[in-house]
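Take a look at the structures listed below.
Shared between the two complexes below is chain A, which has chain B as its partner in the first and chain C in the second.
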Partner chain A sequence: MSAYLTGLIVILCLNIIIAYSVFLPAAAGQLNLGAAGFMIIGAYMDAYLNSADDGLGLPMLLSVPAAALFTALIGFLVSFPILRTRGVYMILATFAFAEIVAGIVLNMEVVGGASGFPVSSHAELEDLLPVTIGVVLFGFYLISTRFGLAMRSIHDDESVAILFGVNARHIQVGAFTIGAFLGGLAGALYGHQFDYIEVQNWGILFSIFVLLYVLIGGTQTPWGPLIGALFFTFVPELLRAVGDATGWELIGELRFAVFGAIIVGMMVLRPEGIMTRTFLELLFRKVPQRSPQNPPNNMEGV
Partner chain B sequence: MSAVLTLSSVTKSFGGLAVIDDVSFDIEQGSRSALIGPNGAGKTTIFNLLSGIYEVNGGQMILDGVDITDIPSRDRINFGMSRSFQNIRLMPHLSTVENVMLGQHHLATSFKDIFYPIGFRPKNKWAEQARAALSDAGLDTYSSQVVSELPYGVQKRIEVVRALMSDPKLLLLDEPAAGLNAAETSELQTLLEKVSASGTTLLVVEHDMNFVRNLCQHVVVLNFGRKIFEGTTDEVGKDPQVLEAYLGGDASDVA
Partner chain C sequence: MLIAQQIINGLMLGSVYVMVAVAFTLTIGMLNFLNFTIPALFMVAAMITWATTAAGFHWLVGSSLGMAVAIIASLIIERFTYRYMKAKYGDATEHALPLVSSLGFLIIFEHVVIMIWGTDPMSFNSPFAHAQFSIAGLIFGIPQLISLALSVALVFALSLLLKKTRLGRALRSIAEKPDTATLMGVDVGRIVPVVFMMTGFLCALAGILFTINYKNVSPYIGDHVATNAIAGMVIGGLGNIWGAIAGGLIIGMVEVLSIHFWGAEIIKVPVWGLMLLILVFRPTGLFGHTRIGKGKF
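Now for the complex of A and B:
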């Protein structure tokens, strides 16, 4: 595999993990614009635990889960004030959370401040791939449980879900905390792939992109974040390849303008995302079984 | 016969306007009762007070011997009451069987119940119970379809099945027949008679008087937030106060 393709798949894997991190709260009706905050916490915590010189020198096998759990704990604690807000206010609250995290880490000399922090151990794509597959399977599993059913019910109609005994607050805190865990995991794995982390990697644009993967992919099914991450990782690269092949500057150099136009188009044409429940049904529809009570209507088309 | 539901002097006002004014009535165990009245009489408000969407300003609501007046809405389903809605409130992005499984939610309390992949493994007691209930209601052909695509009459019946999954003693139905055609109404009535035969008490808000006459024995009539009549379905059409509420005063009074 070429280095270019390997690098692309690494980015894809990280994008998929962070997409599930934002998808889980979104599936329960909570829009999270704080993906960058979770990535930063996970990446720095892991790098500090892992670093032999400046930190504790733990092996990756311990530092990565520990960093993800620590991020989950932070996510759990901030979920209480954040989940008091709704809609656009929740977007602002999660955005503010990410900015606060970035501000704090930028001023922490123990992890290098603004100049960044080196990561001691390096992991290969072969280490990242199974984790990514595990995260995707976990996303599908969680949505298929009663916990997932409650999440999706809250997304559709919170007040009715509550009347049926769903503890909306517990479910939302749970979804947000698991999302934080996955965000921390993505951050920690990022550090081990690129060997160097700095806060500037995870600005507001990053959080917006991740929220876009999820919304463009669709929040109704666990296919959404997978499709969204694939779309966002590969379409700009495809545009670059097409631009190089044809020599069209419009597609090659200005591919992000074209990509932006594609996103606007998708939002107009498919506001519920690429992968919706009805689309999924269309793809996997079983051959309709005709029961004797409903004989085929032969008059159709006559 | 004992009362499964007792309202005593229930009062609710929005701002200075009393929308429910000192309303008291009993619903007998196993009965089929109707709550009727002209538009704006406060019928749906009574349902919203019962299910805890609104808090009462005064009075008491006793459900099967338990005072539910101050119990939060999320917990009321545990005391044996569930409801359907005037406008369909199914979860539009869930399939029929998933919507029905939401009705079982308060019965699933253990860790295993919450984290068992009911969607992946169709052979589990929750999904099987939900499918059996749909099949009883003649809705099994729609099990795996997303509800937003289904006909209105079918969605109305799915709402009833969802409400039934919590195994309620008292089922509140808010205009179950509204917007249904004659065939759908009779299908709904068959379903509700079956439900009633199994011992569940029905309390129905409905404008379709034929439907009420066919289904219910006991009627409570509200007008402007006050109870103006309580009695049997046969008597209600003869009561002068009820006639006045629906048809206006006698022409000779005006002249």
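Now for the complex of A and C:
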């Protein structure tokens, strides 16, 4: 496998993990624009625990889960104030959280401040791949459980879900905390892949992109973040390849602009994301059963 | 004395945030839509002003061109973010769609500008570099003072427009409920572009004034200014234009004073900490209404 492809798959794996981190709250109706915050916490905690010189010198096998758990704890604690807000306010609150985390880490001399922090041990793609597959399977499992059903019901209509006895608050805090765990995991693994972490890598644009993975992929089914991350990782590279192959360098240079146009077009054509419940049914439906008693339910989930 | 100078500088910086914050608060208040194309409009106007001036034209030519481009771009954005979704789904704001489309536009604009002019910060040769005077040892830059006066005057004019005119009444009815406004005979399809034109105008003006005052442009200036303006808008209360004035000026002062006392590294913590505290404990902001911006997305 060429180094280019390996690098691309590493980025894809990290994108998938962070996409599930944002997907879980989004599946419960909470838009999280603070993916960067959790990733920073995970990356720095892991690097600190892992570093023999400045930190505790724990092996990678311990430091990564510990960092992810620590991020989950932070996520649990901040979920109470943040989940008091909703809609636009929630987007802004999570964004503010990410900026505050970046601001605090930027001023912590123990982890290098603005100049970044080196990560001692390096992980290969072979270590990253099983974790990613595990995260995807976990995402699918979680959505299939009763907890996942409650999440989806809150996403569709919070008041009705509460009327039916769903404890919306518990579910949302749970989804947010698990999301934080995955965000921390992604951050920790990022550090072990690239051997050096800097807060500047995780700005507003990063959080925006991660939110787009999820919204373009679709929040209705667990396929959404997977497809969104695949789409966002490969389409710009594909556009570059097309630009090289056809000799129209403009396509390669403008690939992100083309990509933005694709996003706008996507919202026009598939507003609920690429993968929706009706689309899934269409793919895996055996025989269309139509009878006057059971009219087909073609309602697009709103 | 040094502190007084810093407070003046903060107010001057805040006046740029005020205009962008008013642009944000207008779209949120009227359409319940967090418009992420605002940083792009701001940046495009600033870059065009710089580029035409650097090419040898008078700065007025450059800024008019920048403003025209921003307003036209904003109208194009309206078609794809708001109008289309509205036609297709009734109340477009129930969905995250306009938000995502506006993020798409942000990506388009930033990368087109990067492709044309590169990512390096450019210095703008301001025609008013030395236009300043001092009172009792405090230095006032004339362009900064003008932009402060302009932003207050604009918001005053805007609030008059909203209160007294037919257009203002139509806009307020759309803010209440677009469907009812339609029933009452308001042509929503024709009024909404006005909001977007105002957005484009305010962003472009802020971008041009920022370029003239701080003599520095780059494809990323919009992000910094717009995020601070968002913080200002939240502090003032979503949907409230007078709140946006106060919030923008407060953020400008917080930024300048925290740089003065604690250095540039820490700047994010006070600005966003203040915003998060307000969001959690007083989500209406200092002057806001509770209803606006509380829909699903």
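Everything below uses one rule, namely that the second predicted complex is superposed on the first by the 287 of 302 C-alpha atoms of A that agree within 3 Å, B and C clash if a C-alpha of one lies under 4 Å from a C-alpha of the other, contacts with A are read in each partner's own complex, and residues count from 1 in each chain.
Here, contacts are C-beta pairs under 8 Å (C-beta built on N, C-alpha and C of every residue); 3 or more make two chains touch, one makes a residue touch a chain.
In this text, all values refer to a predicted model and were calculated from it rather than measured experimentally.
Colleague: Identify the partner contact of A:Gln220: answer first if only chain B is touched, second if only chain C is, both if each is, neither if none is.
Modeller: Only chain B; A:Gln220 stays clear of chain C.
Colleague: Pick one for A:Tyr141: touches chain B only (first), chain C only (second), both, or neither.
Modeller: In the superposition, A:Tyr141 touches chain B alone.
Colleague: With both complexes overlaid on chain A, does A:Leu238 touch chain B (first), chain C (second), both or neither?
Modeller: The answer is neither, since A:Leu238 touches no partner chain.
Colleague: Could you tell me if A:Ala150 is touching chain B, chain C, both of them or neither one (first, second, both, neither)?
Modeller: It touches chain B, and chain C stays clear.
Colleague: Any idea whether chain B or chain C touches more of chain A?
Modeller: C
Colleague: Once the shared chain is lined up, is A:Thr278 touching chain B (first), chain C (second), both, or neither of them?
Modeller: first
Colleague: State whether A:Phe164 touches chain B only (first), chain C only (second), both chains, or neither.
Modeller: After superposition on chain A, A:Phe164 lies in contact with chain B alone.
Colleague: Quick one: in the complex, what on chain A touches chain B?
Modeller: Against chain B, the touching part of chain A is residues 140-141, 143-150, 152-153, 155-157, 159-168, 220, 276-278, 281, 291.
Colleague: Can you name the residues of chain B that touch chain A in the complex?
Modeller: My answer: residues 51-53, 73-78, 82-83, 85, 89, 91-95, 98, 101-103, 105-106, 108, 113-120, 126, 141, 144-146, 148-149, 162, 166.
Colleague: Would you pull the chain C residues touching chain A in the complex into a rising list?
Modeller: 28, 32, 34, 36, 80, 84-85, 88-89, 94-97, 99-101, 103-112, 115, 223, 227, 230-231, 234, 238, 265-269, 271-273, 275-276, 279-280, 283, 293-297
Colleague: Under the touch definition given earlier, write down the residues of chain A that touch chain C in their complex.
Modeller: Interface residues on the chain A side: 29, 31, 81-82, 84-89, 91-93, 95-97, 99-100, 102-104, 106-107, 113-114, 203-205, 208, 211-212, 215-216, 253-254, 256-257, 259-264, 266-268, 271, 302.
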